[in-house]
Amino acid sequence: MGESMSEVIHGEIRVKTNRAIEVTDITSSIQDWVSQKGCQEGIILAFSVHTTAGMVINEAESGLMQDIESQLKEIVPPGAGYKHDRIDSNAHSHIMTSLVSPSETIPISSGSLSMGTWQRVLFVEGDGPRSRRVSMTFIGKTG
Amino acid sequence: MGESMSEVIHGEIRVKTNRAIEVTDITSSIQDWVSQKGCQEGIILAFSVHTTAGMVINEAESGLMQDIESQLKEIVPPGAGYKHDRIDSNAHSHIMTSLVSPSETIPISSGSLSMGTWQRVLFVEGDGPRSRRVSMTFIGKTG
Amino acid sequence: MGESMSEVIHGEIRVKTNRAIEVTDITSSIQDWVSQKGCQEGIILAFSVHTTAGMVINEAESGLMQDIESQLKEIVPPGAGYKHDRIDSNAHSHIMTSLVSPSETIPISSGSLSMGTWQRVLFVEGDGPRSRRVSMTFIGKTG
């Protein structure tokens, strides 16, 4: 029933974004890292190390990805008189990232991300284009 | 001070929803699973394997549960011209789920969910009624 | 590559808030706990045990912290006819907390919170001022 365990593995993956606000599917990069490290049973913490880019889990349908971008702009309109904009003009990027959160924790089973059929890990760029890093931490059993 | 540990346990619970958008208390199902598997000290990752249903943690007061449903509809209005609606007419369900996130990670102490007095795990159906699955992963020590 | 592991450590930190809706930087309290417990490699689950106060991770710039407070009030306006307000007049605090979530999971590497340069753990008080508790669970290897 249980699996004996012994490992913590740290690493990172890189994400190149192309637009100011952009939802990108990074599932295969995460799965590649999991496979490469030999992660078998446990959980993975994928953690964006940025204050203006986070992550959600949803379907990677191109229309929906644009809808998520648009709706985030509705919920946190750019340039709406934010105090932080006096310093850096990207308050909306920070607030969006606060709402979606910088990380997702995902079950790993038999060496694979254990998600639903349509679930994908979507990186949410809030202030691109930029080169981004997602730190990876696996807790569990390798094989 | 620390507890020696050795286990990863995977499983799932099922949730039957009754309305299109519905907040349901699933705390006792999660606690039952934790007890049944003998989880003692660690964390549980409860992860909805769906792109149109997620989870939050809050009070299970019936008025508040309706308020959460209504406010999610305010924040992500159904049918607001989303591109994904050309395919499936449930873009709002996907975007709501992106915002609330599909999972919660909860401390387990002495075999119980270790939350505050009023905290309950609330399943957020965004496109019901449906039969849903929540994957469960325990990391820690069994007894 | 991997680290052998054996520990689950539970504890808590306390947070004193001063205003009704207030974003506070609690990073150093969390780091102090991590150091005190000798956590080396793994993850920490910081979990607010309250239904009206949660957490986000972002930059601790004072203007931005006020922007997050203001924007949460835009997204979930206080007193907007909520059913829960008949009981307790703080429905907005509960709904805000549902959106930001009560917890953050953070990688621990070489005994430190492993976040980006500008990332800080921000406690989001939604119904203060109050004395609050954040439960801490470490999973990983101590040294």
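All chains are identified by letter, namely A, B and C, in their written order; residue positions are counted from 1 within each chain.
Operating definition for what follows: a residue touches a chain if its C-beta (ideal position, glycine included) is under 8 Å from a C-beta of that chain, and two chains touch if they have at least 3 such contacts.
Note that the structure is a prediction, hence the values are computed from the model and not measured.
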Turning angle required so that chain A lies on chain B, C-alpha fit (0 to 180°, nearest 5): 120
Residue-number overlap at the chain B/chain C interface, same or different (half cut): different
For chain B paired with chain C, centre-to-centre distance based on mean C-alpha positions, whole Å: 19
Residues of chain C touching at least two other chains: 5, 75, 99, 101, 105, 139
Footprint of chain A on chain B - complex, ascending: 5-10, 37, 45, 47-51, 75-76, 82-84, 86-87, 91, 94-95, 97-99, 101-103, 105, 133, 135, 137, 139, 142
Residues of chain B touching chain C in the complex: 1-5, 41-43, 56-59, 61, 63-64, 66-68, 70-71, 75, 99-101, 104-107, 109, 114-116, 118-119, 122, 139-141
